[in-house]
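You will see two complexes here that share subunit A, one where it goes with subunit B and one where it goes with subunit C.
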Partner chain A sequence: MSLLKSKAPRIREKRLDTLNAWLGSAEAAKQEFTGEETVQRIRTFSQSSEDDLIYALKLLAGVRESVVIVHAPRGCGAAELCHKVTSGNGRWIVTNLDQKDTIMGADRKLRKAAESAYREYRPEVIFIVSSPVAAINNDDIQTVVEELQEELELPIVPVYVTGFASRNAVTGFDTALHSILKHLAGTSGEVERNSSVNLLSVVEHPDDRVEAERILELFGVGLNLLPDGASTATFRLAAGARFSFTLDQDSGNYLGVMLRDEYGVPYVKQSRPVGLGATGRWLAAAGRALGQEEAATAYHVQESERVRRALGDFSLAGLRVYLALPPATAFAVADLVGEFGGEVAGITVGHLGELQVSELESFSDRYPTVQFHVGDGQAFEELNIVRRLAPDLYIGDGAHIGQVARLGIPLVSLENQPVLGYAGVTALVRRIAAALKNRAFTETLAGLRTPYRDEWLRRSPNWHIKKEVK
Partner chain B sequence: MSNHIDGSRNSCALHGALQLIEAVEGVVPVIHSNAGCGMQHFLGVNRANAFGSPFGGPPVSSSNIGEKHVVFGGSSRLREQLKNSIKVVDGDLFFIVTGCSTEMVGDDIPAMTKEGRDQAFPVIYANTPGFRGGVHHGYQLAVRALVEQLPDLLKETQSPIDGLVNVLGIVPQQDPFWAGNLEEIGRLLKGIGLEPNLLLGYGRGVDGWHRVPEASLNIVVSTWGEAAASLLEERYGTPFLRLDGLPVGFASGWMLRAVGDRLGLDAGRTEKFIHDEETRLRRHLASLADAYFRAGFQREFALVGESAQVVGLSEFLTRTLGLLPRTLIITDDPAEAEKASLEQVLADLVEEFGTEVLFSEDQSEIAGLLRSGRAGLVLGSALEAQIAEEIGAPLLRVSFPLGDRVVIDRGYAGYRGAATFLEELGSLLLATAPLR
Partner chain C sequence: MSEKRGKHIAIYGKGGIGKSTTTSNISAALAEAGYRVIQIGCDPKSDSTTILRGGNDLPTVLDTLREQSKVKIEDISAVGFGGVLCIEAGGPVPGVGCAGRGINAAVELLQELKLFEAYKPDFVLYDVLGDVVCGGFAVPIRDGIAERAFVVTSSDFMAVFAANNLFKAINKYAPSGGARLGGVIANSIQHSYSKPLIDDFAAHAAVPVVGYVPRSITVAQSELYGKTVIEALPDSEQAEVYRKLARYIDENTDSVIPKPLNGPELKKWARAWGDRIFQVETGVVEKMESI
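Up next is the complex of A and B:
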């Protein structure tokens, strides 16, 4: 049976043994996944973090000519306000569920919101994003979707996120991608084969997308970039493409695998093109898949020569770097740090699961004893760890970077920073060089107290991470 | 029944409570909800204003309940989270606030709070699920919790302060200039010999809230402070003075005289203070005259913002600066009775100008109103940027969300705020006027 028949994919915990809490050496992290059974951990103290609903909203805000209806009380659309005012992306309507709706259900309200979205914007697609309240209330979104679809003659795509079923926000990408394929790509029988190549780009920086497209121009193939900036037509095209290639094999994994398993589009997995070495390997993999390996090699030699000249004698030799990033980026940046002669002092990844095993193995071969931390937005643990390690540089992308800044360490945020390809190396190195050259800002903040008690900062950082009792 | 909202700028009750809590130093919110609730607050409020998280990021304590808690209840998870919050996070007061899921599940928050109290934890609570109301309601719930629950917690008495006046009704972040506005209102009250109890912002912690019952008067800047003022009147007999809106420029004199009257202050001192401040503001206005005429200040304007702000700024723009009010849109969804009284206040202000006064929090409706109004100047939020561009009007970002504008301690209230406002408006009009 097609996996797309279900309302939503299985959560990352179940599908890929994904953990969101863990602390130990890199070697022990590897054992956790290569040994008999991966055991889920929970926290006895926790801090706000991203969830599947926010991740789904982030992804959907990038789909062209769409309107998102958040079927929830009004606070569940707050992140959309941020997308709107910081990137100009996203049109959203919140159904504004009230107390009565939580008892009686609110399908009429949902229908009205969709009709209004259609009248106001004439979009190509309407996404209906579920929420904790809709999930707990078990609102019948499906029936509304079917009725609306007939009435409005446009695709209405329900996205069944819950905010609580998974502890891994990345599940929200999977759920949104599942719904998109199910409703926008057509059934496997309808697909028309074409000569284009899919480039899977899930919530990447716009400059990174441009860079990836620039590099792949070399091969002279038509690219379908998706889901970032895609329209409904892109998804149909993608289902019949020659193969799929990815910018991030963690966030794009579900899309790649489903296009492969459901539509027969081969999926070429490759680590993120961050740093010269990884970009070369990424490009070579694309070249191999297209039978243009030599062109890829020649191009890489030429481009990396250009970048090396531009970077001059930049080096991280003798510097210890802490990384706090989503897993695919974290491992990629760890390689980049190595390329420039630096060392990883410690690492925090937002989540860790089967998709990361091979990268984790290479990491632990190189840094077996380095502290390996898994946690998304758990700043209290990060600060505890980073304070002890006293690295020379911290590279992260969390919303809590302002807290880390109070440790007085030079700091680079990747939250709004292009990192991919040749342009990414140059841009990232510039940022790192600037952070190391003038440390005045974080040194000024260093006198401030962190939000935490000294007792906590003296305690073992894994204090609140426990094995889950089923 | 509530309606759906397109592009809502008003978040939920939980977020409103968090906005209040984050503005009181030393108070730590303990969110009992999904992991994402606090993050949505950070993204949709702190970040939407580009400045303003005291913790350097998203909220620092959240129970992050999962499927298990939704099915079996999350009280034990809250118990654990509260106990550990006190061990991990530095704070004088721990404030439990709830989200929709834990309220639907029916977790007993008062019981958990009592358990904490029994262990001598400094803890209070408010039930703040988003399905029960919007961001302003959340502000009210959090203020009420502080007023009602602090006296049980802080028993020791403090030495009384003469002429103490509380200022209520400024909702942090929804008024992006809340900190600066409070500072200036405080400066004005000091100017006539009073001791302002501003309650929010830098250096203002639980102590100020402890002193709330001692005040001789509550000044209520917006409708959102009324519930607390009524409660304080009922409990402690404290009278309150409700302002029509934020006092901007010469309206400050009205406020100071009214306060002086209520408290029987020395009228000579009050008048002297007002006179000095007004003279200074008039001087600023006179210096601006050249730019005013050169850049064609006198044009029709549209103003989109919260009720207190719309009243205050439109009064100053119309009565002092001589601009022409075209469209006034109030976005904070006040209660029906309050809408009627706001309509009256604004009608008195703008009656001769054929101004449209509307209430809406729906982005597409607001854009439609601005499109048909075609004003030559828009004062609003980042959400009005697109429509302002479309109608070719310069936009001054004055209301939530500011987007890419950083505001630290400037404000528009009072005499100094009026000068700040002139600086900003003047710079914008000069930069966008087709000068020869």
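Up next is the complex of A and C:
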């Protein structure tokens, strides 16, 4: 039976043995995943974290000619303001559930919101995103979806995030992708095979998308970019494509796997193309799939040369670098640090699971003692760790990077910055060089206190991370 | 979501109307006829399958979830009379939390444990708490869990009123993939007017009555022994009534979308029956439909 029949995919904890709280060496991290099942950890204190609703909204903001209806109290729609800035695409309406709606059910409001979205924007697709309140009330979204679809004659796609079912916010990507495929890709029986190739891109910087397309031009294939920048027609095309390439194995995993399992589109395993080495490997994998490996190698040699010339004698030799990034990016940037002669001091990732096992294994072969911290939004733990490790450079993208600045460490934020491919390396290295040279900013901030008590900073950073014992 | 095996049927009806008793006896009768049956109690009281298990304790799904992170099917089920697999969803303690969400979570967990793939039942009966007061309790009839629902009612007005409300819920969800109504099970038939009253109500709501279960001391007696009538008094007439009901459910797959009566209609209907019954009581002799 098709896995797409269910309302939502299994949460990451279950589907991909994913941890969201952990601290230990790379070697120990590797060991966590060798057993039959990973032992989940819990936090006895959690400072903040994002949820699957926010991630689903992030992803959907990239779909063209769409409107998102956030079926929630008004606060849940606030995340959209941030996405509007980053993606420029997002149009949304919040149904603004109030007390009455939680008691009586809110189908009428939902209907009204969808109809007004249609009238005002004439979109090609309307997404209805559920929320904690709608989930707890078991609000009936399905009936509204069916009635509206008939009435308005366009796809209405319900996305059943709950905000509490998973501790890993990245589950929101999976849930949104599940609904997109279920409602927009057609059934596997209807698929028309074509000669295009998919490029799975989930919430990438627009310059990164351009760079990826530019690189892949060398193969002369028609590309479907999805879900970022896709229109509804793209999903149908994608279901019949020759291959799926990916820019991020972790974010796009569910899409690649389901296109393969439900629609027979082979999913090419690739590293995230950040840094010269990883970009080369990414390109080589694409070349192999298309039978153009030689052309890929030649291109990579040529581009790497060009980049190395541009970067001159830039080096990270003698420098220890702390990384706080999403898992796929973290491993790729760790490679990049090594490429330029630097050393990884430690890594914070938002989640760590089965998908990271092979990268974890190669990483721990090189750096078995380097510390891995798994936590999303746990600035208090990260500050504690980074203070102890005292790296020479910090590369991160968390909302709390401002707090890290107060430690006086030169830092580079990757949020909303291009990092992929050859253009990405150049851009990133330039920013790192600038941060290492112009220290005035962080040195000034170092005069300020961090917001954490000395008591906490003296404690071991995993004080609040425990094995789940019932 | 795991592979669905067998026929999934939800049983609803006013609290105390005899839903669990009826469902358990139907399960027992189906098992006796050689079918593989799972009965899932969807009531925080967790008393649906008691008479199938000789009154022994059974940890509920939600209690077990509270205690352990890893739950196995064996932890939350017990094999009862005739091999019926008994499961109780359970719920929060009275006055706390949300039982409706609990039903939702329990059903999801059973699907995740691939219960139906493992056990391969012919029938799965969901015995659902009487008054569907919020979205959670409607979960078995929506989201494609049960294909058919049966509503148990007696001739008491409160039971009929509850049945009419249940028709509203079914009416709402059936068009978008929810369960349709298999029919009404008339329970606790004891007065001369009981059967005609229920028949008349069913006719107004455009639904069939699929069986009539008389009020019988055998039921009370068997229950006191912690057993179904099928187990305790297999040769009784009452046991035969339940077997007939089970056969109906087995052999018939018809289902309808009910037409619930609105407030004024129901009131008018009830008054008319009030008049008829009063006339019976006061011995008025008049040409009328046989009562």
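The rule we apply is simple: the second predicted complex is superposed on the first by the 465 of 470 C-alpha atoms of A that agree within 3 Å, B and C clash if a C-alpha of one lies under 4 Å from a C-alpha of the other, contacts with A are read in each partner's own complex, and residues count from 1 in each chain.
Everything that follows uses one rule, which is that a residue touches a chain if its C-beta (ideal position, glycine included) is under 8 Å from a C-beta of that chain, and two chains touch if they have at least 3 such contacts.
Keep in mind that this is a model prediction, so the values were computed, not measured.
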Evaluate whether subunit B and subunit C can sit on subunit A together after superposition, giving fit or clash. fit
Is A:S6 touching anything from subunit B or subunit C once the two structures are fitted on A? First, second, both or neither. second
On subunit A, which partner's contacts cover more residues, subunit B's or subunit C's? B
Just subunit B (first), just subunit C (second), both, or neither: which does A:Y452 touch? first
Going by the contact rule set out at the top, does A:G105 touch subunit B (first), subunit C (second), both, or neither? second
Which superposed partner A:G75 touches (first subunit B, second subunit C, both, neither): first
Please indicate which partner A:N138 is in contact with in the superposed arrangement: first for subunit B, second for subunit C, both, or neither. second
How wide is the angle at subunit A between subunit B and subunit C, using CA centres, rounded to the nearest 10°? 90
Is A:Q40 contacted by the first partner subunit B, the second partner subunit C, both or neither? second
What is the contact status of A:L97 with respect to subunit B (first) and subunit C (second): first, second, both, or neither? first
Once the two complexes are aligned on their shared chain, state how close subunit B comes to subunit C by Cα atoms, in whole Å. 6
Which residues form the common part of the subunit A surface touched by subunit B and by subunit C? 136-137
Subunit B - residues contacting subunit A, complex: 1-15, 28, 31, 34-45, 47-48, 53, 55-67, 69-70, 80-81, 84-85, 87-90, 99-101, 104-105, 129-134, 364, 382-383, 401, 403-404
In the complex of these two chains, what residues of subunit A are touching subunit C? 1, 5-7, 10, 14, 40, 105, 136-140, 142-143, 145-146, 468, 470
What residues of subunit A sit close enough to touch subunit B in their complex? 43-54, 69, 72-82, 84-86, 91-102, 109, 112-113, 116-117, 120, 132-133, 136-137, 162-165, 167, 169, 377, 379-380, 398-406, 449-453, 455-456, 464
Subunit A-facing residues of subunit C, complex: 1, 3-4, 67-69, 98, 100-101, 104, 112, 134-136, 138-139, 142-143, 172-173, 175-177
